[in-house]
């Protein structure tokens, strides 16, 4: 039975202003987690924030049972989280949700992440044994870039974009992706980058764009969605996301049916 | 103007199970505090407990600006307080309330404290320069005794009672007081203990008893009351205590008109 | 304050500031009778999962043995499946949450075919919570469910989150009388009427439900509220308004439970902000013979079990032999 | 999100997750107009201390310059001095408090003689909050106070803590209509009617007040509640019941403020759980042109000033020139 866990924090450090990386020890989570899943954290004891906060699993070490999450200090909950120190206990439930679809058939994969959306993609790259792994990651500016080294380490090619051009490609990561994909499309296999599947996580408009590009190129595409959650385990139906279904649509649960969905399911404007 | 202070904690240690002594540095409080006054503490940030908790000032060192309070872990607020560590900040307002009446005319004073009621009395003894200071302090049992050494240090005579007789006199501290006062009354000045004023702090029935004894002996008597507070500064009228007034009665404010009252004012059964 | 004999666990803690130590079973020490009876149904204990917060039990079955619960009130059911409201459907507020799920559910037939068989195997009482837009819909729901083996039917006349709203039935004496009377005719199961707190005088509503055939009252449903994202200058919920629940509402819920228990003779099920055994005891002292736990299940999926354990601990500490030793035993000052 | 010119302080913080840095006066940057007008009275800014939480200002004057406040609503006044209820009069609840002060006050004459002269010197608007047990008492109070230099009179028709209760006036259209109409005849000052949230439909109550002569509406007063000491098996408050206030009630209060602002044309003063500038902005967006801060004054005696500073900061960040740029500017989803 999955449990409400109290796990020990190993470190909790600020990577760039406002973005933190937190490691904890959890045999339970580390041995079960699959890329795309999340943990749901009670950021403070008591009533100051009551709902748990979902954070994607960013990296796992199955040998020493460490799990890493990374988060932006956004509001009350993550502010409490940011105050935690090594040795403190983390009250969490997880791993929760479904995971990215992986298959031996995918010889070449790409991940496209924007901002804090990059974190679950790192875990995916780390775990994925396929032949070629491309990483497109976008940040607002040079000062917000996190985990670049980790992405370098576990991808075969890394493409970086910043909105203000302070590092890498200037513009949206989707523009960078488009440039590469379309180039390839018209002039044939240039960089050896032909993807069997693209996994995306980031702001909704970004993921929409990625899916559109992937569709155009006939590449499979999965996206990882966000929604405000109640229970995180599939019971309350708070975390609705609109998915197409037999010409009609209905609401699925981001926490249980997701957070990962096939691009074609998702109603990106819903 | 009195301020909402954020003061640094020096230590916060458990004296006996469930009773803590907390020291903080505060020039503002230490330079102004008079025995009988209290500080009002926000025990946690945020909404988990919202009202401040009043704690009597137990000791002050004007030279190095340290202030000591001591408290029993009773509920949510004091539980938060008990978790604080050296270096943490304490959000407090104070010194608040009135203080024990002191006068050159009082050559010989006694304090009578029960349980956590002993704390403000210690401060009184420490600050009081009078000729003879007697301390009657009562606890439930040997295992609950706190600050005995400090009381020894600043009183000329210390009389200790425990309900279960595990140390000192067996019974209520008021019985011990009665024994001594009445003995004196009937057989003249035996121990040199003739008091000009008795100060009491503890459970209501205890203080009532002390006042009755004092009245009988013609000794002045002050008591320090407790009541649930809202603002702690005299505005909300939550902390009502019934005082006699011109044959009638009305409610005074424990936080502003008190916590110290003359025994004859108080309606102990109100 | 004697320790409870027959127990095998251990409790070290404080009662009224005093440290007590007693032995106490982690489940039910043999000699405490936790059973409560509501409208002829026996609940093995007084802790029931509140409607809409427990789905149809499946997800929680991954965390706890559902057989430990007194009962489960399932997600509100409508005649046809409902898609529910647009997201975001939830917002956190001080010590509470606002929700506007909008009664997303598979419809009563979907429930009967796909969910009830699983639930029936769980060895706990099953309460079907129903909601409609017309009296006829409620009656039809009650009739259909009367043909199943649910243990009781709970009339949700107070859901604030649907436009065609059932709230209208719940906030007037006339509305509640009419719907209770009609549904009663079709309902062959014990009928629990669940009250909305969004009324001036909840006692008169409760009495109207009682007079018109309710077997029990449950309360409170959520309180209408709104939270605004000041940066977007829009409500956080896509539905703009929602229902407030969680610890924040507890003092309101306890007062209303007390008022209703003072007014009606039928059993009262209390809820609103319960997150511990002591919270539950507040409602029981106020007159409820059972409690429902809602929002707290989101925070701790084993909340219901923890509340039950807290109740047992309390009964043990004060040497009570039955929940009924406490029901309505509040002494006013 | 431009910084506000003319300011001399500095603000580094986050808006919507983005870090912004702007200069901003610690008080009012020159070009923002904080003034609001309610029933002809000009309040220098929209932050008013809520009745019953500020006494007659004296205690807070030790902490802040009362002249910084938009106004002060004084403790509820009755014709004769009142002793108030037995203690305990306050209980802490999740993110809230229950109180049952019971209108302890020196009586209207005591106020006029002993408190008003001090308050008048404070350079802030003074609102006299009045409560009675009969319509006649309310009228007499209004008449007496109309002869003083208070700026406005606030009708407390909603105090849940006194047995002979003024609550009865506040929770029906008939009650509110009658009392507003009568008091209006004697009241020569701007008349603010303060509403109780303990009603089914607050809009109809607000409209009744408006129709019968109210110049403004303030809301919400406290919500009836109860907290039980499970160890003593008694209510914590000696009065058994009390009024809930503080952050816990905010979503309820915001919703009601919105509903009332949608209904009436007269100005609305919003309150209930405000503890920051952003909380205040929620009420203003919902349609209030001023706010009152109550319970939070107990936690931080400078709460009103902090709320004001928060409002100014917000106005600065979004480059608004006046509070009225925001009043009722909520966009529904």
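Lettered A, B, C and D in written order, each chain numbered from 1.
One rule holds for everything that comes next: a contact is a pair of C-beta atoms (placed from the backbone, for glycine too) under 8 Å apart; a residue touches a chain by one contact, two chains touch by 3 or more.
Keep in mind that what you see is a predicted model, and the values were worked out from it rather than measured.
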Quiz item: Which chains end up together, and which apart, when chain D is taken out?
Solution: one piece
Quiz item: Starting at chain A, what is the smallest number of hops through touching chains needed to reach chain B?
Solution: 1
Quiz item: Which chain lies the greatest distance away from chain C when centres are computed from Cα atoms alone?
Solution: B
Exercise. Mind checking the centre-to-centre distance between chain A and chain D? Centres are C-alpha means, answer in whole Å.
Key: 46
Practice problem: With chain centres taken as the means of their Cα atoms, state the distance from chain A to chain C in Å. | Solution: 37
Quiz item: Where does chain D touch two or more other chains at once, residue-wise?
Solution: 86, 94-96, 246-247
Quiz item: For chain B, which residues are shared contacts with two or more other chains?
Solution: 47
Quiz item: What residues on chain B touch chain D, complex-wise?
Solution: 1-4, 42, 47, 49-52, 93, 227-241, 250-251, 256, 270
Quiz item: In their complex, what parts of chain B are in touch with chain A?
Solution: 44-48, 76
Quiz item: Hey, which residues of chain D end up touching chain B in the complex?
Solution: 52-55, 58-60, 62-64, 75, 83-92, 94-97, 99, 101, 104, 246-247, 295, 297-302
Self-check item: Residues of chain C touching chain D in the complex
Solution: 15-16, 86, 93-96, 98, 171-172, 198-201, 223-228, 230-235, 237-242, 244, 246-252, 254-255, 258, 273, 278, 281-282, 285-286, 314, 329-333
